[in-house]
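Next come two complexes built around chain A: one with chain B, the other with chain C.
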Partner chain A sequence: MSVRVGHTAEKSAFPILAHEILKDQQTRRNVRHATDVIRAKRALRVEEMPDWQELRTAAHAIKTHTLLHLPHYLQQFEKNCIAAGGQVHWARDADEANAIAIRLIQAAAKKQGTSIAEVIKVKTMTSDEIGMNSALEKNNITPWETDLADMIVQMGNDEPSHIVVPALHKNRHQVRELFLEHMKLTELGTEAEDLTQAARHYLRKKFLEVGIGISGANFAIAETGSICVVESEGNGRMCVTMPQTLISLVGIEKVIPKFQDLEVFLQLLPRSATGERMNPYNSIWTGVEPGDGPQEFHVILLDNGRTRMMANVRERETLNCIRCGACLNVCPVYRETGGHAYGSIYSGPIGAILSPQLNGMQHSRSLPYASSLCGACYEVCPVKINIPETLIHLRGKVVEQDQNSITGMFSQEGMGMKMAAHLFEHPRQYEAAQRLARTGQGLFEKDGKLVNLPGMAAGWTQFRDLRALPQQTFREWWKQNKRNKA
Partner chain B sequence: MRIHLFIACYNDTLFPRTGMAVVNLLERLGHEVVFPLAQTCCGQMHYNTGYHQEAMPLVKRLMEEFRDAETIVVPSASCVAMMRDHYELMAHNANDARMMEEVKDFLPRVFEFSELITDKLGLTDVGAYFPHKVTYHPSCHSLRLLHVGDRPIRLLNGVEGLQYTPMEGADQCCGFGGTFAVKNAEVSSAMLTDKITCVRKTSAEFVAALDNSCLMQIDGGLHRESGGRGTEGRIRPVHLAEILNSTKANPLTAESLAWDEVSA
Partner chain C sequence: MSDARFTVLDTIRRQLAADPDIKPELAESPEAAYARIPRDYQRAAALDHEEILELFYDRLRDYDSELIFTDEAGIPAAIAQAMRDAGETLLLVPTGVPQSWLPTQGLGILRDEQLTTSALEQPRCVLTGCTVCVAMSGTIVLEHGAEQGRRAATLLPDHHLCIIRRDQVVETLAEALGRLTHLTAPITTIAGPSATSDIEMTRIRGVHGPRRLTAIIL
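Then we have the complex of A and B:
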């Protein structure tokens, strides 16, 4: 098994990546502006729903049930998809999924008689997860991203910084520069409409010429064998209807039992993701229809670390995620750093729990700590993933791993925590430590504040001041003034 | 009423004034305060940082210390959130039926400070006097985990002479987050900058909260910004208990909250 989550394995830890981004004022302004706008829209559209909490509860229940019976629903999906004329492929990891896709694309290109293999792609973060584009390019297949934001990311040789709005870190002017360069334009207006027109002309040609499409899936419906993709632009609709061959890459957690379950999710998802009552384009298709749309339809069901998350109830809950990005838009950490600091295509609070779990805690070990545990993510999550609790659970796993290694065991933090726990278990020693700290602080005290503290505390004094310890602890005051009464 | 005080380790060491204010206020209201001396920590720092094994004995000994207490007050919302959100889960994960029973017996007796005053004592006017402009920072744990709602605001509005002024972006985290503040110090301080901007916009003289941890973050940021020069116009972070403990006879002053600017 080679589970891969984008380029996560090559990335630095969160604080190091964040350090670089915090210096980039333009990116920070873009992120702040975009998340503020989406966040306000979401709040408006959620407020008008009298049964929002019930919908969340229902979604959580459907997802919980489905995940507990996942093999059943996946097989049901497979059976019904095949019955409707689709073909289903199972991929254990990134390499298997890419190999299947490459084989299918090469066969389809041959059948279509095209000398240069090209594919148009839409709405598939999962393909970024498995690094599909670079795998395709290595095999002389050119992938064209057609979701506007994904296209911008691809043009800039960039990485997505948001689950729903991958180019959120770029503003209009930066996008214009990219379009001028990559579309080889001599002139281009500065308004959003001008940019949209340019993209439309550019992409329309691809939609008409390229005969193979690749999509992701928001939902795979077991009962009917259907795939559902929701989007705002209509480019997705083009991608899943125009080509002769369509390949949908679907994480196994995307399956839902019944068509009727969409009632719940299609109310929750657009409101949570973009603050819309309904997505402008909701594409649902089942197998193939002779003479209409793709005549060859493949589904690649991808595991890539997901089944490993099934054993523990806390970890399994992460697979509830419907990729709405609401947790990113309310996260005060994401607001400062944007998505790239997470070093993973899944960023923000959900990325902080999903990426480390997908790759079996091998990488992204700093991500569970990239949160102040403020709880805003849990409050907005439409499928009620208790993200803060999961972050704490994963922190526990990081510490456990550390305590089983020599370097981890003798780390400054590990030893400090052991020492603190010991003091808290022995009140007399704790009191002695309080007195000792008061005496010892003289070394670091200047004008009533502590400066240049050593070790972990240095993180505090680097950016904030800290008052010197008061001359009397509470318990000393109590003993002096109140003890007799108590 | 006999009320047991769990002060919280960081209040004990860094913010004794809050404990004194709680004691004096409750005594002024005619209650008896008990402080079990063997108490230390609720286990939050260890638990939230991932040291779950180390947190366990702290949790157990805390419940043991307060076994006979009928009513427990905690002037730290995040400690109460630790108890309510995680104690049961810890017992469950450890498959410890006895601990689970203890947790179920313990939790209903625990009150966060503003909960105690409003719910248990049924008061919004405690006879306090504080003729100042005050804003309020709802700490994340009080807001989203304890759901204290408008209890602190009702208490502030019950103070004679106090002018409450709401804060923009009140529900935004101040960036403290326990060990987050040192493990991700730079991001934490970027979040703090946003919070301080909102605090300043209120032009309040004081910013109140139910957690000295968040206030320490805000205080540290404000002090750093001022470069330690002068105290004029400085906004003073203060625990709600200190405001409610302020009376005409014994008023709380900005000077008493000042940093010791003179070299020690």
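Then we have the complex of A and C:
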């Protein structure tokens, strides 16, 4: 098994990446502006819904229920999709999914008689998760991202910094530079309108000519075997309608039981994601429709670390996520650092719980700490994922893992914790240790605060004050005063 | 490949079985458990039909759509007027659109009899009916039946003229989904023109999908 989440294995820990990004004032301004705008729009559209909490409760219940009966619903989806002329493939991990996609694309290109294999893609975070574009390129297949933001990220050889608006870290001047270079234009205005029209013009030919489309799925409906893709620009409709062959990459947690369940999710998702009552377009299709759209349709059902999150309620609940991005927009940490600090394509609060779990707690292990536990994410989450609780649960797992590893056993923190445990059990030694610390702290004390502590403690005093130990502990005071009274 | 299928399903089962807290739920049938999902949100209409229509018109105007009010007999004149206003002369029409809707003169009519993609690219306007509309969110639902055409026909032209009967307008999304009869047909929901906010969160109307919508209300 080679579960992979983008390039997480090569990325540094959150504090290191964040430190770099905090120096980049332009990016921080862009991130703050974008999150401010979406937050305000979302708040407006949520406030006008008197039944918002009831919708959240229903969504949470539907997702929870589906996960408990996931084998049933996955098989039902598979059966109905095949009955409607679709083909269903299963992939345990990123490599397997990419291999299937490459095989299907090469076969389709051959059938279509095209010498250069190209695919048009509509925004799918899941394809970023499995590193699909680089896998395709290695096999001489050219992927064209058609979502405006994804195209910007692709042109800039960049990484998405938000799960809904992946290029929010770039301003229009930066986008213009990219377009001038990649679209080989000599003239281009600087307004968002000019840039959007340039994208329309640039991609039109691709939509009409490229014979293979790749999509993700917002929802896979078990009852009918249908896929639903939610979007705004019309590039999604283009990608799922115009090519002869369509391949949809679907995480196994995307399945919902019934068609009618869309009445819950299609109300929650647009309001949470972009602050719209309804996004401009939803496309729902089932297998192959004679005379309308792709005549060859494949679904790749992807695990890539999802099944290992299913044995515990805190971890399972993470799979409720409908990728609306609301938790990113309200997170005080994300708003300062943007998405790149997380070192994973899934950033913000959801990234902090999803990335390490998908990675089997092998990478992204610093992410559960990239939060102040303020709870804003839980409050906005349309599917009620208790992110703060999950963060704490995962912190526990990280510590447990560390304590069980050899390096962890002898690490400063591991040794320190063990020493503390010993001292707490032995009051006399505990008191002796306090006296020793009081003598030692003089070296670092300044105005009653400890500054620039050495070793492991440095991480704390770098940004925060730590009050110095008082000259007398309560126990010492009690002993003295009790004697005085007597 | 079937190997992967077995592994994924088997792992899910084993993982779920390892959680003692969900034993009773797992023993239940999915249908019985599904029936217990709380649905206390608004599913049925709360307004009367006149109010629902007003809300719907309001939402459409909010999306910058043009509205023309007429009756069955007035459809050809309404179409002619909308085309004149847009300065257009060629109209794409799905095969299932009744002849009685179409103006008899002054317009080129192109029936979509499995036209090639490049032929579909020529007309800038398309006329269709619809299945149902949601007032709360200003959404038009197409099931791509006879008078609604295949998906490409309402995607490539830049201007969509849509015939909407008043009794097709409902208040909530739940009601609208409940009215669909052919769930496995391709379905498209449309709320306003295509749009993006990807660059500096500035909302731009009109990206790849149609940029204009004229609703002809009967």
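Assume the second predicted complex is superposed on the first by the 421 of 486 C-alpha atoms of A that agree within 3 Å, B and C clash if a C-alpha of one lies under 4 Å from a C-alpha of the other, contacts with A are read in each partner's own complex, and residues count from 1 in each chain.
FYI, contacts are C-beta pairs under 8 Å (C-beta built on N, C-alpha and C of every residue); 3 or more make two chains touch, one makes a residue touch a chain.
This is a predicted model, so every value here is computed, not measured.
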item	value
Touched partner set for A:Arg200, first chain B, second chain C, both or neither	second
Chain B versus chain C as contact partner of A:Met238, first or second or both or neither	second
Contacts of A:Ser371 with chain B and chain C, given as first, second, both or neither	first
Comparing the two partners chain B and chain C, which touches a greater set of residues in chain A	C
Complex interface listing, chain A residues touching chain B	14-15, 18-19, 22, 332-333, 335-337, 341, 368-376, 378-379, 389, 392, 394-400, 413, 417-418, 420-421, 423-425, 427, 430, 434, 437, 442, 445-449, 456-460, 462-470, 472-479, 482, 485-486
Interface residues, chain C side, partner chain A - complex	1-2, 4-5, 7-9, 11-13, 15-16, 18-19, 21-22, 25-26, 30, 33-34, 37-43, 59, 114, 117-118, 121, 134, 136-139, 144, 150-152, 155, 172-174, 177-178, 180, 183-202, 204, 206-210
Residues of chain A that touch chain C when the two form their complex	30, 33-34, 37-38, 50-51, 54-55, 57-58, 61-62, 65, 68-75, 84, 89-92, 96, 100, 146-149, 152, 165, 167-168, 171-172, 175, 192-193, 195-196, 199-200, 203-204, 207-208, 223-226, 232-235, 237-238, 241-242, 252, 257-260, 262-264, 266-267, 274, 276-287, 289, 291-293, 301, 303, 307-308, 310-313, 316
Complex contact set, residues of chain B against chain A	7, 9, 11-20, 23, 32-35, 37-41, 43, 45-52, 54-55, 57-58, 61, 85-86, 89, 140-141, 143-145, 171-173, 175-192, 194, 216-217, 219-221, 223-224, 228, 259-264
